[in-house]
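Some notes on the structure that comes next.
When the chains are written out, they are named A, B, C, D, E and F in that same order, and each has its own residue count from 1.
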């Protein structure tokens, strides 16, 4: 964890399009993970979809959700998704960061400074609340982020920690997460 | 289980097309599981079928059953099926909810409020009774549902619990499960 | 076993085309298993072949045997084969029931009332005797069937139990198993 | 073993095209195994190659060897290969029986009465001697066969058992194994 | 390790295009590994991508990063990547050497004498600092290399060892690693 | 080992095109292994590449190396590679024998009498010295071979055993290994 956090803290480069950070849970330990997307107009033939560190079928679904519910159309683009650091993500709460990285790459606009995302997406485009949001936002804050975009709901203790930004659906989440054009 | 149930109880959003709930059995413990489907007119080339949390061949069969026995034709649509929460469903009794989610997405009509579905589908379009239906309906009721659509038959104790709605075939099951247009 | 048998005993629905019952052996215990087939005229492109509960290559072979040795041609049809109840069949003796379900679905004629099938098919279209036929027919009788179609031969004790119907090849087996048109 | 042998002993049917028997070694125990092939003129598109009980790549190679070194051309045929009884063959010595079954099916001429085959084929079309040939021919004789076609060589004891028929290459082996037209 | 090092020390051949050396970490032990690339104008149909010793999806991504961020376009080339010595590389820090080998092969210019590379690439084309760079450069020096191209950052002890050459992005890294034309 | 050696010793057949022998190391035990290749003009569609006993991707690479660095072009040929005796080869030192078998089959000229090959190929076409060459040549001699073609270098003891023939690249290795036309 220390290592992963240090990477984010030390980086002095300006944010780039196609990169989104989520706070994953490994067991109960929060871990900052960078999701990267790269989209490029595809040539003739089927567009390419290649992923490392995340299930390709999951990405296919998120691409379909973006098209149907957020007006983000990748039909004519090759799509690459990568999880930084050689990590492998299984948790559905990474959905929101993957979708945000894809939209960010297509629109060539970076995610807003200080923003992380966590929340499962349904095929109807709704965002599900990320469990243990308090732990996630605490870790985010520790490494220099101050907003966690997630879905509606509350943690078991009924509190809504400071810094939580609630989005009901994918369209709202993208609006909250991305820099205005 | 608590977690899964809480998710259904807390949700205050109106029901959406393409979502159906089944009560699965993990061993003998009932568990509410949301099945999501998304269908979209496909472009040229073979229509896409991508699934997470359920065997793709199973979904191919259910698509064929829907076409033959319920007049639900997905030949010209890309089809995505997802099991919410990152769960994996192996039980054939999930068939009915998968088929209902697909039909609901295509027709853009949500499943009726308070309705869950459980029952294996045969390739002839018949619905098989979901075992331990009494336990399933009890769990459904606990989290705010009051109807369980399943196939004909009875549990080992011979009782037919209240709230059970019996459908002999897939066409009848869809009619009972979906909102009138 | 009890469960599987009860399913067959309780069912009061008329027999449907595309369904055939075999008596499988799990170790030495007989088990009634329903094989379902669904065939449908295929669109342009390669016809689809999807199976659950049985090896797809096995089904490809049986389709070829049906074409060559029984005049049952599925070249222009999508083909789905399913084993009811989420079971998985490895025993070659299921061949005859799979082939009968396929022919029954194509011809839209159900298998004769009271008939089960068991026997491996060779690529030359011959039916091999199902081992322990006496145990199989006993189980079949217990749940309401009275005829077991299988290949020539005899059990180790040299007896031929009552209810055994012998077919040398696939064409004869189908004639014995299916309702006249 | 008893079972497999009995099957061959009891069979009173005339030999069919597309069937060849090998004597495999399971550890050091000989076992009679029937290899079945079915070839059929293929439709448009790539010809189909489906196998059960034997590696498909192995069969692709044997098809190439037959074309190059024996004038048996299957380019325009769908090809199915099956190992009877649900067995799985890993031993390269099964090559000769697979190749003979394929040629027998294409030419519609059965393998000669009383003949079994064992021997690995090289890509140059040469037949390698089957190890422990003495044990293999003894088992063959016990169940009613009297000739074992194999490659040149001798067993560790230097004897050449009676009934061994030696073929240097695939063309010679097929000539020795098949009925004259 | 001894063996791998000796290979590099003994080689008296001039450097070739398409070869790049990385210093991998096996646990905490540094190990020199040669990455080889071969690109060749592809014929009609999809260009071929084949790899041994490294995940093919990883290479697909690096090809996309080279196209987008370094002007190295392999769309019309077959691409082969191989890890020498039958090794398998999982560490993302090998990215930079793979990308350099690909660019070197396309441009037909070798990597500069004495240069090794280590660093993960992001889909935005940025180079991440290779952890334990001090150990890596020490091993590189032991076998005759004196420059390690990697990304910005520093090791846990805060030192920047001699011989480290820092590149922020893939374009800068290639310029530093390759012989001028 | 005894068995494998005996096979080579006993064989009295003239050498054939498409066959090359390597001396592999199983642990530290040397083992003579025959690599077989068969190439045939391919029909329309993608040329076929099928292998048994060796990784197909490895063969794809060797085909690319032969095209680029030795003028051996297999683009329009179906290619089959087989390891005799049902063995599986993982050692990269088998590369040289695989490449030689492929070139030998295409040119229809056998490998020179008494010659074995061992050495990993780089994508640049260079031959790497086969480790423990002394043990390999000793085994080769024991079964009737007297030349081992490999890459430049020496064994750990600094000796170069008699019978070693050194080739720096694939083109030189093929010239040394094959019969003049």
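Worth a mention:
Here is the rule we go by: contacts are C-beta pairs under 8 Å (C-beta built on N, C-alpha and C of every residue); 3 or more make two chains touch, one makes a residue touch a chain.
Computed from a predicted model, the values in this text were never measured in an experiment.
The minimal number of chain-to-chain contact steps leading from chain B to chain D is 2.
The chains that touch both chain C and chain D are none; no such chain exists. Note: Cα superposition of chain B onto chain E, rotation of 120 degrees, nearest 5.
Chain C has its Cα centroid 29 Å from the Cα centroid of chain B. Computed centre separation for the pair chain A/chain C is 50 angstrom, with centres defined by C-alpha atoms. One simple way to say how far apart two chains are is to compare their mean CA positions; for chain A and chain D this gives 58 Å.
With touch defined as above, chain F holds no residue shared between interfaces to two or more other chains.
Chain contacts here close into one cycle, and each chain has exactly two touching partners. Starting at chain A and stepping first to chain E, the chains sit round the ring in this order: A, E, F, D, C, B. Only residues 46, 55, 57-58, 60-61, 64-65, 67-68, 75, 90-92, 120, 122-124, 126, 128, 131, 153-154, 168 of chain A touch chain B when the two sit together in their complex. In the complex of the two chains, the chain C residues touching chain B come out as 3, 7, 10, 13, 16-19, 34, 36-38, 40, 43, 45, 48, 50-52, 78, 80, 82, 84-86, 105.
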